[in-house]
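First chain A sits with chain B, and in the next complex the same chain sits with chain C.
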Partner chain A sequence: MSGISIRAGAVVRTLAFIVVALALCGIVFELAGYSALLMLESVVEGAFLRTGGWAQSLRWALPLFITATGVAISFRCGFFNIGAQGQFYVGAICAAFVADVLGGAPAALVLPMTFLAGMAGGALWALWPGYLRLRSGTDEVITTLMGNFIAALALVYVTSGPLKDPSGTGQQAASPLLPAVYRISDSQGISPAIIGIAAAVALAMWVLVNRTPFGMLASLAGRNPTMVRFQGARLWTLGLSSFLISGGLAGLAGTIELLGPTGRIASGFLPGHGFTAVLIALVANLSVLATAVVSMFFGGLASAALYLPILAGLPAAAIDIFNASVALFITAKSGLLDRLLRAARLPT
Partner chain B sequence: MTEFHEFMVAILRSGTPLVYVTMAGVIAQRAGVWHLGLEGVMIVGACATILGIVLTGSFAAAIVIACVLCVAASVLLWFVIEKLGANPIIAGLGLTGLGIGGTALAVQALFGSLAAVTAPFGVPRLGAAFGPYGALSIFVLMMPFVVWGMWVLLCRTRFGLRLAAAGEHPLAARSVGTDPARVRLIALAAGGVLCAIGGAELAAGGLTIFAQNMTAGRGFMSFAAVIFGAGHPIAAAFAAMFFSLVGVAGIRLQLLFGASIPHDVLLSLPYLATILGVWISGRMRGGAKAATEASELRDY
Partner chain C sequence: MTDADPPALHCRGIRVTYGEVTALADLEIAFARGAIHAVVGQNGAGKTTFARVAAGLVRPDAGSLAIDGHALRLGRVAGARAAGVELVHQSFALPPSFTVAEALEFGAGAGIGVYSRRRLLQRCRERLAALDLDVDPRRRIRDLPVEVQQGVEIARALVTDARLLILDEPTAVLPPAGIEALFERIRRLKRHGVTVILILHKLREVMAVADTISVLRGGRLVAGPVPCDQADERRIAELIVGQSAAGSVSADDARALVGAAPVRGAAARDTSASAALDSHESVLELADVSTAKDPEEPPLDRVSLLVRPGEIVGVAGVQGNGQRTLVQAIAGLAGITGGDIHLGGTRVSRLSPVSRRALGLRVIPFERNSEGLSLTSALWENWSVRELLQKPLFSFVDPSALRLRCDEALRTWGVRYASATQNAGALSGGNAQKVILAREIDEDARLIVAAQPARGLDIGATAFVWSALREAAGRGCGVLLISSDLDELFDISHRLVVMLSGRVVAEFVPPYDIGAVGRAMTGASM
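The block that comes next holds the complex of A and B.
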C-alpha cells in the first residue's frame, strides 16, 4: 500500500515539475513576443488532436523509446551515458554502409546484416567511453558529450563524401534513398515491423531489468558500487555491458530511422534525439514501463514540433526549449512538495 | 615571422573565449558545482552581446545586458541545484539546451528568421600600437590579468579558502560560519559574468556575428579544461589554450595538406584533444578506483 502511495507521489512530483517547466517556457515565449497559450494549443493539436496525430506521435515515440530504454540501463548502473546522440548517429552510419555495400542482395540477407551493423556501431561508440571510464576513470559525461560532436562531424563527412547522394541538390548532405525492398516502413514511419521491434525491446529490457541477476546487480551498482564489489560481482563486466547495451539500442534506433521513416542518413538529422531520450529515461525514473508512456508524450512533442511553424508561427526550437526546461527541473526533489504530499496522505 | 604572428593571433582569438568560460568553470568547480551549464550561459552571452550592439548601438550597454542575462541564467541554475536539490549534470545540460534554444528563439522573434545576425562593430580592438596583434579585442589583453586575478582570489585569499571549503566539505564550512549555499551563489554569479565576457569575445571579438548554436561545444570543452587543469585557474587556462592550439593547428594542417585529409576529421581534433585531456587527468587522479568512489558523491 505504501509502495503505491510512494509511486503516486513520484508521479505527482514529476507532473508538478513538468508544469513548472511549462510555466517557465510560457514566460520565455511571452518575453519573446509569442503567445504561450497559442503554443500550448498547437502542441496539443499537432500531437494528438489532428487526424493521424496519434500515428505521427507514435512514429517519433518508437525510436525514442528504444534509445531511452538503453540510456536508462546505463543510468541505472550509475553511468551518465549522455552520448546517445552519437551512438544513434554511428549506428545509422554503420547500417547505411552495410546497406550500401550489400545493395542488390536479397532483403532477407541485407536487413539482418544492416540491423547487426547498426547495433554494433552504436555499441562501439559506447564501448570506448565505457572502457576509458572503467579502466582509467575518465569521466564519461565529457567523453560521451565529445563523442556526440565527433559523431555529428562523421555524419557530415559520410553524407557529403563516401555515401553522398549523387542526385542530391538540397542544402543538407544526405545518402541516397534506400530502395523500397530494404525499407521496413514507408515515410509515415509506422509499420508492424517497427512496432514489433519496439515491443520486443520493451519485453527484453523489462525482463533484463526486473527478472535477471544482471538487472538487479546493475541497479545496485548504480546506488552503491562498493557494496556490489563486496558482493563478489564484477563492476567491470556490469559497467561495460550496460554501456554496450545502451549504445547498441541507440544504434538500433538509428537503424530503424534509416530503414524506416527517414529512409536515408542525412547530416544533422534528428538533432535532439539523444538528449530527448535521456530526458525520457529520467522522467520515467528509469523504469521500462514508464519509459513507454513518457516516450509517447515526448514523441507527441516531437511530432508537434513540425506543426508549430505552421499553426503558431513558432520556430521548431520551441520544443527544444520545453525539453530543456524539463531537463532543468526533472531531477529536483522539492522539499515543499514532499511535505504537501505527506500532509495529504496523513488522514488515510 | 608574420606566419608566427598570424598563428598566435589565431590561437589567442579562439582560446580567449575558452579561457574566460574555463575560469567560470573553475570557480564553480571549487565551490562544488559541476557546471555543465557553461555552454548555455556562454551562448546567452554571445547572443546578448550581438543583439545588444544591434539594438542599442553601444558596446558598453550590450556587455552590461549580456552580464545581467548570464548572471540571471547562472542564478537559475544555482536555485535549481541548491534549493530544489536537482542533479547538477542534468540540470546543467538542461540550462545548456535552454540557452541554445532560447537564443535561437530570440533571434527568430526579433528578426523573423534564423539566419545569422551581424553587428556593425564588436568588442573594442587593441589598435595599431600593438602591431600585428592590434586586431585582437581588449578582452584578449585582459585575459592574463583575469587568470592571475582568479589565482589570487582562489588560492591566496580568505574568500578562496571558504569557497574551497564549501566545495570540498560543506559541513566543515558551515561549522565555521560560512554558508555553502551562499558561497555557491556568489561563485555561480561571478561565473555568469565571466561567461558573458567569454561569449562576447566569441561572437564579437574577431567576427561580429551571432549564429544559431555558435558555441558548438566550447562550453563543454571549457568544462573539460577545468577537469584537465584539476580546478586550478592557471593550469585550467593552459588546458583551454591547449585545446584552442589543437583546433588552430588543425585548420593550418588543412591549408598545408589541402584535400588529402577530410575537412571534418580536422574539425574534430579539438574534441579528440579534450577526450585525451580528460583521460590523462583521470589517470593522474588514481584511475578507475578513485572515479568509482567519487561517482558515489554525485548520485541523484
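The block that comes next holds the complex of A and C.
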C-alpha cells in the first residue's frame, strides 16, 4: 500500500517538474518575443498529432530509451556515469568498422558481428572510467565526461580518415552510407526490428533490476556501499558490471543509429543523445518502466524540434532550452543528488 | 548557598520537539551554584538535548532559561558563552589537526589579534597547569590519548572563564583510570567556584563524584535535584528505567543497565551454558592472527582467541585498540598477514566474506547506520541482503517472497514498523538494531560477532539485545561480544578478554574484578 503511494508521489513530483520547466520555458520565450502557447501547441503537434508523428517520436525515443536504461543502471549502483555520449559514439565507431571490414559478407553474419562490436565498443568506453574509479577512486564524473570529448574527436578522425565517404560533399565528414541489406530500418527511422530490440532491452533490464540479486545488490550498493561491503559483496563485480552494462547499452544505441535511421556515422551526429539519456534516467528516477515513458516524452520533443522551425518559425534550439530547464530542476531535486554525492565520497 | 541565591541554571517549561519526537517536555529544573550536579537517564530521555539547549545550540520551542537569575536569549551559542555556559560534547569537537595551543585559542574567540608564539604557549601552559594537565601545547589533538583530548576539551571550555560547565557523557570514552582522573579534575573545578553539570549514564559514577542527582525520563524531570547522600540507589534505578520496563528485566541486568554496583559475572548463574563450555569444540578459533598496518586502527598483533559453542566471550578495551580490525579480520574484510582463523573447524583465513557467512558467521557491526543498514533502502532489501549474496548474481529471485519472509522475521523479532517497503531510516535506533538482529541471528548462525550491539539504545532495547544474544548462545551459537561498556560485558559474558594496542593482553573469568580489568585495559601493571 505505502509502496504504491510512495511511487504515486514520485510520479506527481516528476510531472510537477516538467510542468514547472515548461512554464519557465514559456516565460523565456515570451520575453524573447515568441508566443509560448504557440510553441507548446507546435511541440504537441510536431511530436504526436501530425501524421507520422508517433513514428517519428519513436524513432528518437527508442535509442534514447536504450541508452537511458544503461545510464540508470550505473546510477543505481552509485556511479555517476555521464559518459553515455562517448560510449554511444565509440559503440557506433566500432560497429562501423566491423560493418566496413565485413562488407560484402551475408547480412546474417555482418549484423550480429556489428551489434557485438558496437556493444563491446560502448562497454570498453565505460570500462576504463569504471576501473579507475574502483581501483583508485578517480572521480567517474570527470573521466566519463572527458571520455565524451575524446570519443567525439575520435569520431571526427574516423569519419574524415579511415572510414571517410569518398563521395561525400565535404560539408560534414561521414562514413559511406551502408548498403540496404545491412540496414535494419530506412531513413525514416522506425522498424519492427528496432522496436523488437528496444522491447527486448526493456524486458531484460526490468528483470535485471527487479528480479536478480545483481539488481537489488547494485541498488543497495548505490545507496550504502559500506553496508553491502560489510555483508561481503564484491563491489568490484557490482561496479564494473554496471559500468559495462551501461556502456554496452549506449554502444547498442549507437549501432542502431548506424544500421537504422542514420545509416552511417558522421562527425558530431546526434550530439545531445547521451546527455538527454542522462536527463531521462534522472527524470524517470532510475526506474526502467518510467524510463520508457519519459523516453517517449523526450523522443517527442526531439522529433518536434525538427518540426518547430517549419511550423512556428521557432528555432530548434527551443527544445534545448526546455531540456536545460528540466536539468535544472533535476539537479535541484536534492534527494537523488545528495545520494550520489554521498556515494561519491564513500570509499569503495 | 542560601535560598536567596539565584540558581546557576534555571530552566522553566523547556520544550523541544524534533518532528514528531518530543525530546524535552516542559522541563523544569534548577541547579544551585558551586556544586557538581549529575543528570541521569536512559538514552532518549532528553539529557543531551537539555545540554544543548543550555549551551545555546538548540533553540527550544517554548520555555525560558536563566543563568544566575538573568534571563538568557535562547538558541544563541554566543549568548550562552557570554553568560559563562560552556558545553563539552559527547563526541569531541576539537579539530584533530590543531595543536593544543591552537585549539585553546580557537575557543577564546578574541577576534582579530596578533600573537607571538611564545606568549601563546606561555598562556596555554598556565591554563593546562590549572587543570593539572601534563601535555605539550605543541602536540596535535589527534596524537593525544583520548583522556588527554578530553582534558584539553575541558581546558578549551574554560578559556572563556566559564562559570557553568556542562559535560555530556564524559566518561563514555574513558577507561576506569581515566574516569578517576576526570573526577579529580571536576572536583578541582568545583573548588574554583565552577558549577558543573555532568550528564552521566552510570549510577556508580554519579555517586562517586556528584553532589546532587536529577533523573530525566521521556523528556521530563522525574526526580531531583536531590543530594546524592540522601538518594536511594535502588529507587533512582527504578526511576531511570521506569515502572513499565522494570518488571521484565532481571535484577542483575537492571543493575548493569543503570551502572550501579558492577555485576560480578554471568556464568555462575547460567548453568545451562556451562555444560557446553567443557567441550573442546570451537566455533571460532584465532591462532596468532596478525593484520597489516592500518592508519586508522592498530593492527592485530598475534591475537589468539577461542569461542566455544554456547559461550559468550566478551572483548573489553578502550575504543580504538584493534577491536574494529578484529571484527574485520573475522568477517574477512581485513587481510591477515599471519596466523589462522577457523570457523567451526574449517580454516577460513583465505575464504571470502560470503563463504564465511555460509559457514554460519554473522556480524552485528559497530556502525548500525552505515555498516549495518542502508537507511535509504527498504527494510526488506536490508533484511534480504545476506541471502541475496548467497545466490549467483544473475539468477532469478522473487522479491514478493522475500518481502513476505522479511515481514515474518521482523514480526518475530518484534520490530515496530509500518511496511517492509518503508525505508530503514524511518526506524528508531532500537528498532533498527532489531532489524539487524533479525537478519544476523537465524537458525543457521554458528558464530555471532556483536560489536557494540546496544550502543545508543534505550534500556528496553538494550535488555532485548542482551536476551537475544543469550538465547542464541543457549541454542549453541558462539557469541563474541565487543563492547566498551564493562557493565554490559560483566553481565553477559561467560569469559572476558581485554584488547590493548591490537593484542589480547588478559583473560578473565567470573567473578570479574573491575579494578583488574580496568588496569588491563590501560596497560597498567597488575
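Rule of thumb we're sticking to: the second predicted complex is superposed on the first by the 329 of 348 C-alpha atoms of A that agree within 3 Å, B and C clash if a C-alpha of one lies under 4 Å from a C-alpha of the other, contacts with A are read in each partner's own complex, and residues count from 1 in each chain.
Just so it is clear, contacts are C-beta pairs under 8 Å (C-beta built on N, C-alpha and C of every residue); 3 or more make two chains touch, one makes a residue touch a chain.
Please read these numbers as outputs of a predicted model, since none were measured by experiment.
Per the definitions stated earlier, placing chain B and chain C onto a shared chain A by superposition produces no clash, and the two fit side by side. Look at A:34: by the touch rule set out above, it reaches chain B but stays clear of chain C.
In the superposition on chain A, A:227 contacts chain C only, with no contact to chain B. For chain A, the partner touching the most residues, choosing from chain B and chain C, is B. Once the two complexes are overlaid on the shared chain, A:214 sits against chain C while remaining clear of chain B.
Within the superposed three-chain model, A:237 lies in touch with chain C and out of touch with chain B [touch as defined at top]. When the two structures are aligned on their common chain, the gap between the nearest CA atoms of chain B and chain C comes to 6 Å.
Note: residues 223-224, 226 of chain A belong to the chain B contact set and to the chain C contact set alike, using the contact criterion stated above. Residues 331-333, 352-354, 356-357, 363, 365, 367, 370-377, 381-382, 384-386, 388-389, 391-399, 418-419, 421-422 of chain C touch chain A in their complex.
Listing the residues of chain A that touch chain B in their complex gives 28-29, 32-34, 78, 80, 82, 132-139, 141-143, 145-147, 149-150, 153-154, 156-157, 161, 222-226, 235, 275, 278, 282, 315, 317-318, 320-321, 323-335. Chain contact summary for the complex, chain B toward chain A: residues 36, 76-77, 80, 84-87, 89-91, 93-98, 100-102, 104-106, 108-109, 114, 216-217, 220, 223-224, 227, 262-265, 267-268, 271-272, 274-275, 278-279, 282-283, 285-293, 295-296, 299-300.
Note for the complex: chain A touches chain C at residues 1-3, 6, 207-208, 210-214, 216-217, 219-220, 223-224, 226-234, 237-238, 241, 339.
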